[in-house]
Structures are given as C-alpha cells and as structure tokens.
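Next come the structures, one after another.
In what comes next, chain A is part of two complexes: it sits with chain B in the first one and with chain C in the second one.
Moving on, here comes the complex of A and B:
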C-alpha cells in the first residue's frame, strides 16, 4: 500500500492553484505527456526496445480522436478508446521490424516511421493537411469537462490506473518476460519466452498508451497540426524517461514536468529555453545517471559505486 | 535413451562447424562432451536448443528438437546453461529464478491486473519453489540482490538454479566449471551431483576440466573439427589414441 501513498502529493498539488486555470492547464499537459512517456518507458526500460518514432502514435491518437469528435460527433469517451485501439494496431505493425533489427537500426526504422506519419497526415483532406484541425470541442461529456481542475484529476486517475497495472505485472509473468527479453534474448527464448509475442506486445502497449495521451492532448489543446508531432516530440518523450528516472512512473512524471513545465516557467524571461534544457540534460546524465528521481534517494548518492 | 541425435550438421556461411554428428544420451546418465577448443561442442548444444539453425534430427522423448520453435524446447524438458553466463543481469536472483519457471505459469495478463485467485495461488507456489531451490543451492541470502553484484561462482550457481527450477528432464551444462578455483569447482560438483540424484535429471555437460569429467561421467563423447572422434566410458577414453592425438598428444591431461 505504501507505494500508492506517493500519489497523495499529486492529489493535493493543484488545490492552492485552483484560481489559476492557466497553471492548472500546464499541470494537465504534464500529466498527458506523462502518459505518453510511460508508453516510451514500457518500450525502452521494460522491453529493451528503442523507438524514436513514438510521436507518430501520439499523432495517430490525437487525429483519430479529433476527427471522430469533430467530423462524426462521436462522444469523447468512445473516441478516446478508439484512438487507443487504433494506435495499438499500428504499434503492433511497427513492432514487426523489431523482430529482425535491433539497436541503432531499429532506432532508424522507427524514426523513418515517425517522419512518414507526419508527412502522410499533412497530405490528407480529412486531417486538415498542414493546417491541422482547429476548434476541437472540449467534451461536455463527464469524462473530460472544460474545467482544468477536473481534467487534472481525470488525467491523474488514468496515470494512477496505469501505475497500478504496471506495479502488478512487474513481478509477474508478463513483466518479468519483458525484463528477461531486455537483458538476454537468447536466455529468455530458451526459458520459453516467445520473443515475437512480447516484442509486439511491448510495441502495441507503448503505442496504445501514447495514442490515449494523444487523444487527451487534442481535446485539452483544441488544435492539432502535423508540426506538433515532429521528431523533437519523439526525442522529448525518450528524454523524459531518462531525465526523470527510467522504469518508474514517478520518475517519468518528473521528467515530463521538467520538459513541459520548465518552458512555461521560463517563458516570461528572455532566456533561450533550449540552452537551459540542454545544459541540465548533460548535468543530469553526468551526475544523476539514474535520473532526477535519484535526488529523492539521497542516501544512494553517498554510497560507494559498485560496478 | 532420452536423446538421440542423428546426422546433425551446422554450417556457418561455408564453414562446417558440426558435420554429420550423431550421439545417444542414456536416461539419467551423466554424459560429457569434450574436445579441443573450436571442436564444435557448444555449437551442438546451440543447435539442440535452436539458437543456431541446423540439419539432421535430435529426438528427445519423441519430439524432434530441431523442428521445434526455440521457446518450446523448455516445455518438453530441456534446460541449459550458457558458456559465458546469460543471466538477466539487471534483475535480482529471485527474478532470475522466477523466469526459470515462467513456461509453467498458466495465469494471463488479466489475472495479473486483477490479482485473481489463480494468480495468487500460482504466484505463491512459484515463490515457494524459488525459496526451495535457493535453499538447496545455498543462495537464499542473495535472493533480493541483483545478480550482477554477485561473485562469479555464485552467478554460476544462480544460472544452474534457473535451469533446475524449470524441472528439466535433460539439463545441458556448457562449461560449468570454467573460471572457478579448485575449491569452488569441488563445491559445484557436489551440488550438480546432488541435484541430479534428487530430481533424477539426465545431464549433458561440456567441460574442459578432465579431472571432473573423468570423475562424474558415465559416458564421454569426444569431438574434434566438428566430428565425433571417440565415445565410451572414462577408462576407454583415457586409452583412446585418437583422443590423445586430438589433445596434441599430451597424455598428462588424463592422469588423475
């Protein structure tokens, strides 16, 4: 039960800011990116695969949801679920090359996929071309009302559910099978782990989580266009995992807060955000190789390194 | 006879690593596979466990191992260890042993998510067998430590434990004694013999340490340049001239 208590601060955090909808909407964005970054975490830290094309799943989720809501007047909850399902299917298809290539080659394949999806979206009429889709209505449905505070708690609940699922499978068959595949494919296979099944499952679930995040994003922002889902977003998702603390939902949350929140925090000043982000990224990798989460385990920092 | 290999060949782009190799392993025997470096011993094992593609047949209790998908091999009761340790190095000893039983676990993803009764009972059964094996191998106090933090000898024990916990009928050990000192070797030998007796396992072992090979084996198969050059009991192998020649005529190898 102790692990669930870590969520209490996140329940309380927005309350002092209840009168500042703009701040709250940033919290909502952080939460949405957290969901997408958890998708990246499952793929990389859990399953040992690499993808720098996850922005495409984000785009698939966002566009599926937006088109369904705007053009076909589908209730948001249904559009939300369909966009996750659609991303899942595409994720499984994208996972197929992972059965043959790994490492840098897989990185390049997924990158190509990400860029291709971005271009394809720009071509079609139904996606609004390069102008994107405007005025995506904020759903009046109970699940995602206009109030940022309401949205925040919905997003937090989704993260919490994902956290429960992940912590339950982490020392069970599915979780350990993924970890085994990550550490040694040869040994995993000779102990009965079907690499085909688990690689596709990893890509599928990563894509589904990212797609769901994309759907929430489209509704929260109200405007999407291909340029929002570029290579930078894919790399940011990867960096969020590394910066925060790979393999932990808390860590990923911190990473998302760092990448989404910091630009807003510094937007009032005349500083180039990329320089700061880059510098901090290097410092973190040098001094906190396990991510920002390490700060909270101060004891570890003073331990002698055993390698 | 539990395993019968017939006309096994493995080719790597023109290089013939194993050529027309045949061998029978008797049930509950301790069978050693020896030979100079590069003779193709590990390749035979890799072919049997479908790590490398091969031709021929290898019947194990009615199943042709060479026709099975790699992840099914463990289900018929063949487990192995690896020459250069293939542990799941970021995981704890407990998790490593857990993965040794993963092929027997029946619950599915939804059982895990909803903590169903079948999940709980299987999970506690698995944990029990992990503790049992760990106690037997004397690694219980390492259960919660990451394997990469353990000394080499202990890591070897974990790898053997991971194979044994799958309850194999045939256990294939690839150079289990390499890199261990005399004391550690003696201890590991005791453990292996004890496990073998306890679970009535058949063992196929690749090993270079002749003292150990001669003392534990019922039967020895000798390979050189991808072919079988001799087979027989330890005393027959010691007398065999072809074997002595394969090892550069160094007869002192066999004095023990």
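Moving on, here comes the complex of A and C:
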C-alpha cells in the first residue's frame, strides 16, 4: 500500500500551476515520455535486452492514432487502443531476431529498425511524407474541455495503472522468469523457462507501452513528422531510464522530467542544452550509478536487483 | 552502369570501413564501444575549418593539425573520462559515450553555430574516365584520393599491428590484458595508443567526407551509424571483417539506391544486413564463442 503513496506528490504538483497552461502542457509531455521510458525500462532492466530503436514504436503509435483520428474519424479511445495493439504486433516481429542475436548485434538490429521506420514514414502518402500530419484533434473522450490540467491527470492515471500492473507482474511467476532470463539465459532455460515466449513478451509489451505513449503524444502535440522520431529519441529514452533510476516507475518519471523539463528551464539562457544533458548523464553514471532516485533514498519499489 | 555503381559503392564503403576500423581498434584493446566516435571526428573537421577557412592556413597544414587534434581528443577521452571508470558495466560505458556525444554536439553548436560550413576538395582536377567496351566509368579525383588514403591507412595499420613490436604488444593486450601485463607489456600505454590511433582515424574520416557532407554538428551521424553497422557485420573483433563489412555495405547501398528505390535506400540496405545477421549472428568473420554459464 505504501508504494502507492509515492504518487501523491505527482497528484499535487500541478495544482499551484493551474493558471499556467504552458507549464502544465510540459507536465503532460513529461508524463507521456514517462510511459515510453517505462516501455524501455521493461525491455532493458527487466528482460536484459538492448534496444536503440524504440523511437520507431513511438512513431508507430503516434501515426496509427493520428491517421485513424484524422482520416477515418475514429474516436480517440479506440484509436489509442488500436495504436497500442499495432505497436505490440510490430514489437513481436522486431523481437524475433533477438532470439538469434544479442549485445551489440541486437543494438544494430533495433537501430536498423528505427532508422527504417523513420524512412518508410517519410516516403508514403498516407503518413504525409516528410511534412507529417498537422491539426490532430484533441481527443473527445477527455470529457471536460481539453485543459492541460485534465490531460495531466489522464496521463498520470494511465501511469498509475501501468504501475499497478507492472508491480503485480514483477512479483508473479512471469516476472521472475523475465529476471532469470536477464541474469542468465542458459540457467533460465535449464529451469524450463521458454526464452522465445519471454523475449517476445518483453519486446511486445515494451512496444505496446511506447506505442500508447506515441498515441497520446500525437494528440497532445497536434503535429507529427518523421524527424521527431529519430535515433536521438531512442537514445533519450534509454538515457531517461538511466538518469532517473532503472527498474522503477518513480525513477523513470524523474528521468523523463529531467530530459523533457530541462530544455524549457534553460531556454532563456544562451547555452546549448545538449552540453548540460550530456554532462549530467556522465556525472550521474559516475557518481549515482542507480540514478537520481538514489538522492531521494526511496527504496527500490520492485525490490529487485537492478543491473 | 553497374560498374559505375560498384565503384561508387567501394568508395563510400571505404569510408565506412575506416570508421569501423577505428571503432574496432578501440573496442578490442579497451573494450569500449564508442558511440561518440563520429562526433569526435566532427570536432576535428571544425578545427580544420577554423584553421583553413577562418585563419587562412595552408590546406595540408590544417589537415595535419586537425588529425593531430583528433588523436589528442582520442587520448583525452580515454585517459580522462573512460580510464577512471573501467570497471563499470558495459551498458553504463555505452551511456557514458552517449553523454560525451551530447556534450560534443553542444560544444560544436556553442562555438561554431548551426550553419553548414563548406570545405573545398583537395583535388579538383578533371575526373578519371575509364572507357571499356560497353561503358565508361567516371571517378572524381577527390574519390580517388579517398580510396588511396584509406587503402594506405589500412595497409599501414595492418603492417603496424603485425610486424612492429608495439603492434604485437597491443594485440597481446587485446587478447588478454592480465597475461600481457605479466609479460611486461605496458598495457596502460597500449590503451592510450589504441585510442590515439582510433581518434586520428576518426578525424581522417571526417576530413575526407567533409567536402561532400559540409561541416555541421550532425555531419558524421550517417557515417557513424554505417561504420557501426559495418563493424557489426564484420564480426566486431576482426579488422579484415570491418573492411569487408564496410565495403559490402557501401556496394549494397549504392546498388539498392540505383535499382530498387532511392528513397528507401537505407531501409533496404539495413534489411539486407539484418537478414545476414539473423543467418549468421556473429557477423561475417566473427567467431562463435563458447560462453561460461
């Protein structure tokens, strides 16, 4: 029960800023990236697979949802679920090579996938080519008028639901099997764990979470184009997990807040943001190997070894 | 037509090959997969631009200043950033080089801005034209220069690693650092040298490609991705492997671009490479290893 209390600050944080829609829309973005970064976390920290192509799942989710809503006038809630489902299927297909290749080789395979998706999106007519899709309507299922405060709570609720599901899984037999696979594939197999099933499940669920985040992103921003889903986004997602604290939803949230919020904080100064992001990334790895979460001395919420 | 594309592919591929070579040398000796590699070279390209276009130095002199700077960057990164944290996990090491990439990109933006800067070709003469029955092949002089320099570097490197004492010592450190130390090899020096070589190769690659890509903070992104892919395709631990990997990627890319689809060139090339990796997961020349349980 106690672990749910950690969410209370996140419920209260936006209230003082209720009059500043711009600030709130940044909080919404942080929440959306948190969902995508949780997808990365599940794949890397839980299942021990490496991916530097997760931006592609984000793009798949964003484009599926945008095309359904703009071209076919599908209600957002349905488009949202379909985009998660579609990303799930693609994730499973991408996971197939992971059965054969690992390490740097897997990194190249996922990177190739990420670059390919970005290029394919830029070529086809239905995705709007390199110009992208504009004027994506704000979802209608957000019953109140589409205020950023309301969007924030929707996103936070989704994160909360994901958190509950993930903490259930992490104590279940499937969760333990995933951790065993991460620690040693050979040992896991000798205990009768079906690596095929768990690797595909890891890729599939990672892709689905990232796809759902992409769908929310498309409607929150209202404009998507291929250049938003480049290799940098994939690497940023990985960095969010490391900066905040791998293996914990709270940590990932902090990492996303850091990566999304910092550019806005520093936008008034004449200094390029990547210097600070890069330097902080290096310093955190050197001095806080478990991420910023270490500062807050919050216990590892899943009580699992973090590698 | 086919020959023209294959020649063009060999020239692009030779650039991929030396980038892969630089990555592999640093990786074999120190075990670090350097994600910031291309960006280290990018800084050298800017140094060349500053010396040549802004200060107005001689082309050759600026060239060597830039290469020297590249080797210094390689040395400084290994010695100052990576050496103190040798024992952290490989994944964290990758993230550290990623952080370095962001810092270098930011530094370039801060100092030189976001404009595309032009660098002239060293050789601007008439292209070499080969005629034979049924077709002609046109090769610009700058491309001949690229091919010549890359071949020279590869030969020099292979001779160095195989014939000189220092090169053998470096290979010994790559094979087993502990035992190399016991044999009296200064492994710390060998690691520095490997990064100095790697850094100067990166700078060289950046300088060779700069007249085509222009100089801007992300100029090396494509070369780095393809160099990384070439290294993986070749097996990641093998020097002939990275050369073969680089050149075959260059040829595949050019043929796909001409005969299948220009827009989806990278997509199809990468698909072919992924297919190769699925069939042969340890790369073309890599060896499958027995792993400890």
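In the analysis below, the second predicted complex is superposed on the first by the 294 of 307 C-alpha atoms of A that agree within 3 Å, B and C clash if a C-alpha of one lies under 4 Å from a C-alpha of the other, contacts with A are read in each partner's own complex, and residues count from 1 in each chain.
In this text, a residue touches a chain if its C-beta (ideal position, glycine included) is under 8 Å from a C-beta of that chain, and two chains touch if they have at least 3 such contacts.
Here the structure is a predicted model, which means the values were calculated and not measured.
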item: Which of chain B and chain C A:279 touches, first, second, both or neither; value: second
item: First, second, both or neither for A:194, with chain B first and chain C second; value: first
item: A:271 touches, of chain B and chain C: first, second, both or neither?; value: second
item: Contacts of A:165 with chain B and chain C, given as first, second, both or neither; value: first
item: Partner chain in contact with A:18 - chain B first, chain C second, else both or neither; value: neither
item: Touched partner set for A:173, first chain B, second chain C, both or neither; value: first
item: Contact breadth on chain A, by residue count: chain C or chain B; value: C
item: Which of chain B and chain C A:81 touches, first, second, both or neither; value: neither
item: Partner chain(s) touched by A:126 [first = chain B, second = chain C, both, neither]; value: neither
item: First (chain B), second (chain C), both or neither touched by A:186; value: both
item: Footprint overlap on chain A, where chain B in one structure and chain C in the other make contact; value: 184, 186-187
item: Residues of chain A that touch chain B when the two form their complex; value: 164-165, 168-169, 171-177, 179-180, 182-184, 186-195, 306
item: In the complex, chain B residues that touch chain A; value: 49, 51, 69-75, 79-80, 82, 86-91, 95, 98-100, 102-103, 105, 107, 109, 112-113, 115, 119, 123, 149, 162, 166
item: Residues of chain A defined as touching chain C within the complex; value: 44, 50, 97, 100-102, 104-105, 108-109, 111-113, 115-116, 119-120, 122-123, 184, 186-187, 231, 235, 238-239, 242, 271-282, 285-286, 289, 307
item: Contact footprint of chain A on chain C as seen in their complex; value: 33, 81, 84-85, 88-89, 91-92, 95-96, 98-107, 109-110, 221, 225, 228-229, 232, 236, 263-264, 266-267, 270-271, 273-274, 277-278, 281-283, 291, 293
